[in-house]
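Lettered A, B, C and D in written order, each chain numbered from 1.
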Amino acid sequence: MSTILTFLTRRRGHGGRWHWTDVASWVWLIGGTVLMFGPALWLISSSLKDPAQLAEFPPTLLPYVQQTAAVEGHDTPLPLFTVTMEDGSTRDLAQVRRIGANAQMVDPGDPDAQISVRIADRTPVRDVGIAHGNYTDPFLHFDFFVYLRNSVFVTFFATILTLFTNSMAAFALSKYRFRGRDAVLLVIVGTLMVPLSVILVPLYSVVSRVGLLDSLWGVILPTIATPTGVFLLRQYMLTIPDDLLEAARMDHASEWQIYWRIILPLTAPALAVLAIFSVVWRWNDFLWPLVVLSRRELYTLQIGLNTYAGELNVQWHYILSMTVVTMIPVVLVFVFLQRFITTGIAGAGVK
Amino acid sequence: MENEIAQVKATAAPEGSDRRLRRLRDRLGPLLRQVVLLPLVLISRAIDPVMRLIQAKAGTGGMIAVFLIPNMAIFGIFVIIPIILNFVYSFTGGAEILLDQRAWVGGQQYERLTDCQNYLDPLSCREDLFWRAAHNTFFFVLFQVSLMVSVSMITALILNRNMAGRGFFRAVFFFPVLLSPVVVGLIWRWILQREGLLNLIVTNFGAERVVWLNDRFYAFAAAIGVSTWAHMGFFTLILLAGLQAIPKDLYEAAEMDATPPARVFWRITLPLLGPNLAVVLVLALIRGVQIFDEAYVLTGGGPGTATMFMTQYIYEVGFASLLRNPGLAAAASILMGAVLVVLTLMQLGLSRRAEKARER
Amino acid sequence: MGSITLKDIRKSFGGVHVIHGVDLTIEKGELVVFVGPSGCGKSTLLRLIAGLDKPSSGAIEIDGRDVTRAGAADRGLAMVFQSYALYPHMTVRQNLSFGLENTRMPRSEIAARVADAARMLEIEELLERRPTQLSGGQRQRVAIGRAIVRDPTAFLLDEPLSNLDAELRGTMRAELSALHDRLATTMIYVTHDQVEAMTLADRIVVLRKGRVEQVDTPLNLYNRPANRFVAGFIGAPNMNFFPAVAEGGQAALPGGVQVAVAASGPVSFGIRPQHLRLAAPGEAGIPARVTLVEALGAETVLHARSDGDTDVLVVLEGQPELQRGQELALAFDVEHLHAFDAQGQRID
Amino acid sequence: MKKVFLGASVLALVAGTAAAQTQTPVRVMWYSDGVEGAVMADILSRFEAENPDINVILDNVAFQVIQEQLPVQLASGTGPDIARVTNLKAQADHWLDLRPYVADPAYWEANFGDRFDWMRPDGSDAIPGFMTQLTLVGGFANATLFEQAGIELPGPGASWDDWIEASRQVAEDQGLPAAFSIDRSGHRVAGPLAAYGETFIGDDGLPAPLSDDAMEFITRLVDWTGQGLMLPDTWVSAAGTTYRAAADDFTNALIPFYYSGSWQVANLSTKIGDAFDWVATGSPCGPVGCTGMAGGAGLVGIRYTQNPEAVARVMDYLASEEVVREFTERTLFLPAHAGIVAEGGLNFQSDDPNVPPALSRFVEASGETLPATDALPAWRWANSVYGALVTRISQAMAGELTLEQARALIDRDIADQVEAAR
């Protein structure tokens, strides 16, 4: 125990005193943890609430369900309330019906005597519980597995192709000198600044002209030549010594082999970072697939869950629950690969 | 003999009880790797002779083309051509969506956008919403980039200290980067709305409920805060990488010189962090100007038009509203792109000059 | 097998001339060392031979075949890089066999060659390790091994020992020498270290600013440097030079020593520190004042200044009693004196 | 290797669709506000069972797709075979004329004919489709809150001022944040504007400049927001034409009065449950009348379909009286079928005692609409007017514009739209 304590309270500097910066750092980090994770936890908790509870204020931290009691003489279980009686005492009563501002209540232990209570004097008895319908209904009505398959297909092929094409281009741009290289680089970096929503209409007409509308490849192809990827990989490849390439050339390796057998394996950390980002990006893509895909059997999860957004109403309970479901892979990536990602970016990001 | 045993013990000891597990992993690892890599190996066997042939025929120059073509072809079709088309769109008028049905109007859209009596007063402009969006975007970028860079810097400095759980906290701050912007906007709207979590907390402390997203100041601050929340982890990591690359002995030397910590930061850390800081600034700037999804979901541009940013304006005018005007949207995006390019070039130029100055 | 001929090789990088017309023939089985100060073009020349760079003009022949335009892989050469350039993601074995696999050699043959090379270099236990798990000397061996397995027409070695510490460098130098004797293959060895050059080379090529200054055996270079540059570059500590003016076949050194020389006008005389000695009483010598005494035990290095402000180095045997500020005269035998004309060319 | 994999996945896709190849495919693009997608899927599966030669594929999409993407598809001459659309008039050129294909055009004329002008170009006699539901804009009141505050619900003929005053008293008594709210939508305020005398359409059929009558109501609306009577969250907290509903604030009993429309009935029923009693109030009155706005979503055939006969068969089935009746009863929508309306006796499937009276109140209110509002659904420029109203009124509410500026900008925005489209 004490070792844990000393581990946790280990700080920089010498001697045993806490410097004010240590305190400030810990406050910052712990505050940051609450701020970073809190909202996601809130989303999960909200996704377990039924529609009525979602709209409720004050919101509860945890999802609750109304307690009911089976009362003799009534076919269905009745909702339970804690009622403040006129003498100030409180009793748990079941509600038979409500008429306007008054409720007909009954004591489950004494089902014959009905009591009239003002509704302001009663509060529902609730227990922590889950509105599992939020999760089960979409799985029944919503082509979850079709959407999942499409999302996986898009994510997988987009990532593979991104890695391939970007690394090849980055190789050419980092390890060869040729006329126009700087121009190509400038164009690539320049387009970093063009957000998709801005060229939506022209891009749509291009994709439509190429015949990729309503096709998963129409979602995949426009995303794979990412300037970010080329840039990231090129920066990393610049750090690979040219000696290795020359050694390989002396070793009878063709240029393709140099790329394939020397450069690619050595770029692995940067490729991993790009792969993870690509997976997250493609998995989360919303606007573009929404524009390209209009057939249900081609929908990705993000588009699928948006079908709960109607013209006049949004079915938040379903959207929230499906959002949580679509977050699972991302969270898994995070949990299992976070060390890889964080150190990878640190290593590959900027050199 | 005894020596050898001692050696074996010494190497085995730290592995402790999971030695068998590790041995299994050592044996399984390569096997797994071979299985995973098998398709790649097969692909390479198939591609290699073709590539050798190309290299023999076309030489190294040909190979450069082979490496560049897939990326550049896709890039050309799906990025460059749309950008060019967008440029063409900006010279056409009407509500039609497809280019071939649209009428050529020359510079009319640009005239309409830049028709202003006073550029600082959007209401005096022909296209007042465009200028409101421009103003909002300008202030957003100004505040958001400064906030994000400072917060990322503080976090990176703290994470660079030698303290327990560094890896964990590094991950914590990175987590939101993985969420989709739509989800980010949704979560925070859920928290900031009238019946949201924040008001629950506020009322628990006895304060009045505030309708955060109805207040110009709070809504704007929320847009800044939320986008900082969502992206700071990425920038923190870049800065952290830079911090860790600064040789430790510089700090030791500074300590020997009894340099006060603030001075160490300004005179050692910051200058040596220069390249990373430049990358962070450029990327943050680009992202700031492009702010869309999370802010759109969060505030919808309100209250009034207080958080309506450039990209939202373009998206709504050009695509989302029932009354679309693609030509106007295209012209607006071209103007925005021009500003971005100028800003980035200025930024790069400045940092390059600073770098040169330092080298001298 | 293994003769290399360079014909008027020139190389410029974007207007900067790096190699100005080099003609050179390397006989088969020879170990030739390119030596020169940094920036003299020795590495560039090696890369031109290797095929990693292409000369701007001139021709390269290997065994009489013109390979000027041939790629690096097609010249049958092997190279050891200064940085070793071992593939960090491959084991030693994979590093050694990579080049052979590229030539579609049968697996058994590859295995046999790798085993041979590993045995020869005593790196058999390291075969399954990766380069990062090796010490500097071990990496060096692997880099050489990678060249050996290829059984090349010639080895090209680019400052292969410069990353090693002094002791290891000595050992490796000896091993390389032994290796050359055993393999009897042509080797071109680039170094800026004249000791390496002297100890290893059959012939040394001294380069300066992209030009060949002299090509000869180590001892000839030492004994008969073709010009002042070579004289100053070869031999440690550096040769001392004294300016003089020749008139009527005679020139006077400081202290009035007259020397016969077949020239007239400004000349300079060089003498190696080892060839100077303290003048016997009455003997004519160059007067100098001691500025520093470095006693190394077996020998003593004397820094002195003659009149005319020329610094002089003297290597004396043993541990003579000398003090800073002491005035003395330095004597020498005339046959050790090298004379150079105003252009720095040797005068015999 | 990769090729094999690709090939396999292509094969799988082809195999998946091969079974459907012998059937005529009919694609329906559909969006849902509630359960109607599930109901429609159910009805269509019965249709398929009866018509094995037709394969109906129901694409349940987000409303955003209908609004943003379908127009682009239509412009390029593609799209589904049938779509559920709200923006009916502006895209009327793209709808298929079903007249030559349906079994009995007279049945269509008789039962849906009144609304054909909403969805066909002016002067055409086409049968483009039918309304899946009618909607009527109108108010809801939280009867329980009114009762607790001891305030009478304003009766029929009560004016907007009466309603806001009564709601204000309830809000004050019950400590509520605001008295009422209206959905953020131009369509929602068009009714009240008409009730104050606005007619929208000029003599030339083009939008007329905003009248003083309209400004009368807009002024009130902005004042009410300024005084905190109208919940600012809905209108102020968004920009542009973004749609925002205040339904959650009403279900959460934050406002005693909510002006929305008949489509909310099902939603309110599920979310409010037993928490309080609520009633539909119809539209409060202005000087000219007590009108709401009719509207709704239409199901239309798309001109670019390959199989107009199959489309017509699907449409015939869906428009048949019994299917419309079932759909209406299960979705709690207002029916758009003249025969059903005349016959009445709809058996709405809800246990909630608040639902039937609310629905009948809306049916009743649909007789109270003014000609000015009745003309709007069939008017090409209605969306331009709605968009300009929302954008500028909410800016005025947020204090970014004065009323005069807002008026000028509304007129200018509409003129720009007309200009751009000509």
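Criterion: contacts are C-beta pairs under 8 Å (C-beta built on N, C-alpha and C of every residue); 3 or more make two chains touch, one makes a residue touch a chain.
Nothing here was measured: the structure is a model prediction, and the numbers come from that model.
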Relative to chain A, chain with the most remote C-alpha centre: C
Closest chain to global C-alpha mean, per-chain Cα centroids: B
Chain centre separation in whole Å, for chain D relative to chain A (CA means): 32
Centre-of-Cα separation between chain D and chain C, whole angstrom: 90
For chain B paired with chain D, centre-to-centre distance based on mean C-alpha positions, whole Å: 39
Chain centre separation in whole Å, for chain C relative to chain B (CA means): 53
Residue numbers of chain C (touch at least two other chains): none
Overlap residues in chain B, where contacts from two or more other chains coincide: 97-98, 194-195, 319
Per-residue multi-chain contacts in chain A, two or more chains: 55-57, 201, 205, 254, 257, 261
Pairs of chains, among all present, that meet the touch criterion: A-B, A-C, A-D, B-D
Chain B contact footprint on chain A (complex, rising order): 7-12, 21-22, 25, 28-29, 32-33, 35-37, 39-40, 42-43, 46, 55-59, 164-166, 168-169, 171-173, 176, 178, 184, 187-188, 190-195, 197-203, 205-207, 210, 221-222, 224-225, 227, 230, 254-257, 259-261, 280, 283-287, 302, 319-320, 323, 327, 330-331, 333-334, 338-339, 341-342, 345-347, 349-350
Chain D to chain B touching residues, read off their complex: 1-2, 67-68, 71-72, 75-76, 87, 90, 177, 232-233, 236-242, 244, 248-249, 252, 254, 383-384, 387, 391, 394-395, 397-401, 405, 409, 417, 420-421
Touching residues (chain side chain C, partner chain A) in the complex: 47, 50-52, 71-73, 77-79, 81-83, 85-89, 98-99, 102-103, 146, 150
For the chain A and chain C complex, residues of the former touching the latter: 241, 243-244, 246-254, 257, 261-262, 265-266, 268
List of chain B residues in touch with chain A within their complex: 44, 47-48, 51-52, 55, 60-61, 63-64, 66-68, 70-72, 74-75, 77-83, 85-86, 89, 97-99, 154-155, 158, 161-165, 167, 169-176, 178-183, 186-188, 190-191, 194-197, 199-200, 203, 229, 233-234, 237-238, 240-242, 244, 261, 275-276, 279, 286, 289-290, 292-293, 311, 314-315, 318-319, 326, 329-330, 333, 336-337, 340-341, 344
